[in-house]
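To start, the structure under review is shown below, and the notes come after it.
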Amino acid sequence: MYRVTVRGHMMVAHSLADPFFGPAQALHGATYVVEATFSRRELDDHACVVDIGAAGEALRAILGELTYRNLDDHPDLAGRLTTTEVLARHVADRLAAEPLAAGLDALDVVLREHPDAWAGYRLELS
Amino acid sequence: MYRVTVRGHMMVAHSLADPFFGPAQALHGATYVVEATFSRRELDDHACVVDIGAAGEALRAILGELTYRNLDDHPDLAGRLTTTEVLARHVADRLAAEPLAAGLDALDVVLREHPDAWAGYRLELS
Amino acid sequence: MYRVTVRGHMMVAHSLADPFFGPAQALHGATYVVEATFSRRELDDHACVVDIGAAGEALRAILGELTYRNLDDHPDLAGRLTTTEVLARHVADRLAAEPLAAGLDALDVVLREHPDAWAGYRLELS
Amino acid sequence: MYRVTVRGHMMVAHSLADPFFGPAQALHGATYVVEATFSRRELDDHACVVDIGAAGEALRAILGELTYRNLDDHPDLAGRLTTTEVLARHVADRLAAEPLAAGLDALDVVLREHPDAWAGYRLELS
Amino acid sequence: MYRVTVRGHMMVAHSLADPFFGPAQALHGATYVVEATFSRRELDDHACVVDIGAAGEALRAILGELTYRNLDDHPDLAGRLTTTEVLARHVADRLAAEPLAAGLDALDVVLREHPDAWAGYRLELS
Amino acid sequence: MYRVTVRGHMMVAHSLADPFFGPAQALHGATYVVEATFSRRELDDHACVVDIGAAGEALRAILGELTYRNLDDHPDLAGRLTTTEVLARHVADRLAAEPLAAGLDALDVVLREHPDAWAGYRLELS
């Protein structure tokens, strides 16, 4: 199995409105460094998993809709608990809907929120 | 599949008493940077894999029993070959026995011993 | 010249209310990974620049007053442009007022805001 | 499942002779930081996945045949599209032919080409 | 003293035509991860050292003239020993000629060539 | 001012025999990742600060005398408080005595002991 990873980041505000989250119930923020991994059993005609330039642009376009925003007011996310896990899935689902996801066996997204914590979501596509 | 990773570290002395290990037979030491990954097919009611705060505390409590120690004298490890692989399993087994491991599909522990070497153990739980 | 660095982080929301900042005028957020470096010409009686445990605690206490907050509402920062440079100085000035800064020759604080950008402030103390 | 990773690097020139690759059709170069992961269900008699010293030497010997070279002129690679994916497989196949690969369940090789892009190949061996 | 750092990278081929460089006399390549640090005693009217967006664009424009190239054929560098030190100075001198360098006290450029080696050049401007 | 940095590491046991150090009074260990920076106002005839290969070998030779050892028993260090600051100076002083230090303006050594703490020593040579 081959795979390619591209990386980007976003800088967002949000709050987690459930007493479970303690101090993170307050409005705060995060830099999420986002790694998207595309997996495919065989390479395409250009000896690639995906066009790595297009993959980076697709990731950055998705992150561009979220960055410099308060996620509490974002139409796709308002009213939801925007945990790192949920955001990882949001990015993975968005990437899976892109034309470049055709033929992939899996898509995996990791969001690093600080040096000692990160979360991810893996979508099996085949 | 969702996953969450928390990170900690420990600073230990040990020796590897087998000629196979060459200079590492002598008493020496290491900083192990430890990453514990918790995987779960579906999120819980708080949109989480685990309570990330509790996960970090559980990891640090386990590492706290090992750090600032000579593992050659540690009751759980004396007389054993404390390779990085063995230590990764030790930490994974200890985490798997914690209440927060209930409902997980896998637990994975990596120990980074220097910039060019690390080892891990993956425990399938479902 | 000797030096010791300790690291922590904070997760904050803020906005930069000046058209100069383009999209960063909107409420957004950041994880700031903070490195505080303490410099001293000669070591103390314990062969240290500072008590590294106390230095880490002092840094984390200062960051603890900022993390999980919207800096736009923070009493020390409301109405100010909280650029990374300004925040680096804020942390450095706070550390310089701590008893552990006695005898230091310099204090230097770096805030890393994303993988491709960071800022710092250096305070000469002697 | 246990695993051990060793890391090395190589510094090569190459070109990607297909219009698909845009500016990378021109002769350029890369530092590839290479991580090779060896996986095994059970540990050997020395409580190891592999002899980590031998694994590092094997990886560095394979990279030593590629580094400080123009891959366009390399006997194993001339006339091929040396994408990161192809190079990852080349290294993995070479490692799999080494005596130390006996008994492994998987071999995984990652090549990091710059901070925001990397690729890998995983070889299932059992 | 305040400072701001922006980061970029370039992927180049080159050779070092002097027997002193051993195997690096052959045509090979490197990914250089480039960090440019801008220092200034006082902040500007926007509480900044420089416009960080403009600084990143200036750095990437300079690197864009070098990346995906064989430096042996580059008009500015052909016939020179393009050691990492020389390349760091080239980038620093180019940044110092940009309008955004007005009022700076220092410019510092680091080029990371592999995980265990990097080089830099510091230009005092005041 | 130009500079070149090379990196290595060592894995040692030691204890800090003073109540000031709390739990670190016990025998424990560390991986120290060591960065040695060589600074020089002008480049030599090969457009270098130092022969980077020789610099890396000199650093690794010095670290090779310390690694896989208990520093409490090391002839140069027994009876001393081997804080990270002291070890940084030890490595810097040893490098300064090497022939390759001739003509340098400064030597700077950093020892990283875990992700959240490091220390260094800077030796002005001119």
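Letters A, B, C, D, E and F mark the chains in the order given here, with residues in each chain numbered from 1 onward.
FYI, contacts are C-beta pairs under 8 Å (C-beta built on N, C-alpha and C of every residue); 3 or more make two chains touch, one makes a residue touch a chain.
Note that the coordinates shown come from a computational prediction; the quantities given were computed from them, not determined experimentally.
For the pair chain A and chain F, chains touching both partners: B, C.
Comparing the chain pairs B-F and B-D, the larger number of C-beta pairs in contact belongs to B-F. Where chain A touches chain C, the two copies mostly use the same residue numbers: shared numbers make up over half of all numbers in play.
Chain A and chain D carry the same sequence, and matching their CA atoms takes a turn of 120 degrees, rounded to a multiple of 5. Averaging Cα coordinates per chain places chain D and chain E 29 Å apart. As a whole-number value, the distance joining the C-alpha centres of chain A and chain E reads 31 Å.
Among the residues of chain B, those in touch with two or more other chains are 7, 115.
Note for the complex: chain F touches chain B at residues 7, 9, 11-14, 23-24, 26-33, 67-70, 113-115. Looking at the complex, you find that chain F touches chain E at residues 1-8, 43, 46-49, 51-53, 56. Put simply, chain C touches chain E in their complex at residues 18, 20-22, 80-81, 83-86, 88-89, 115-122.
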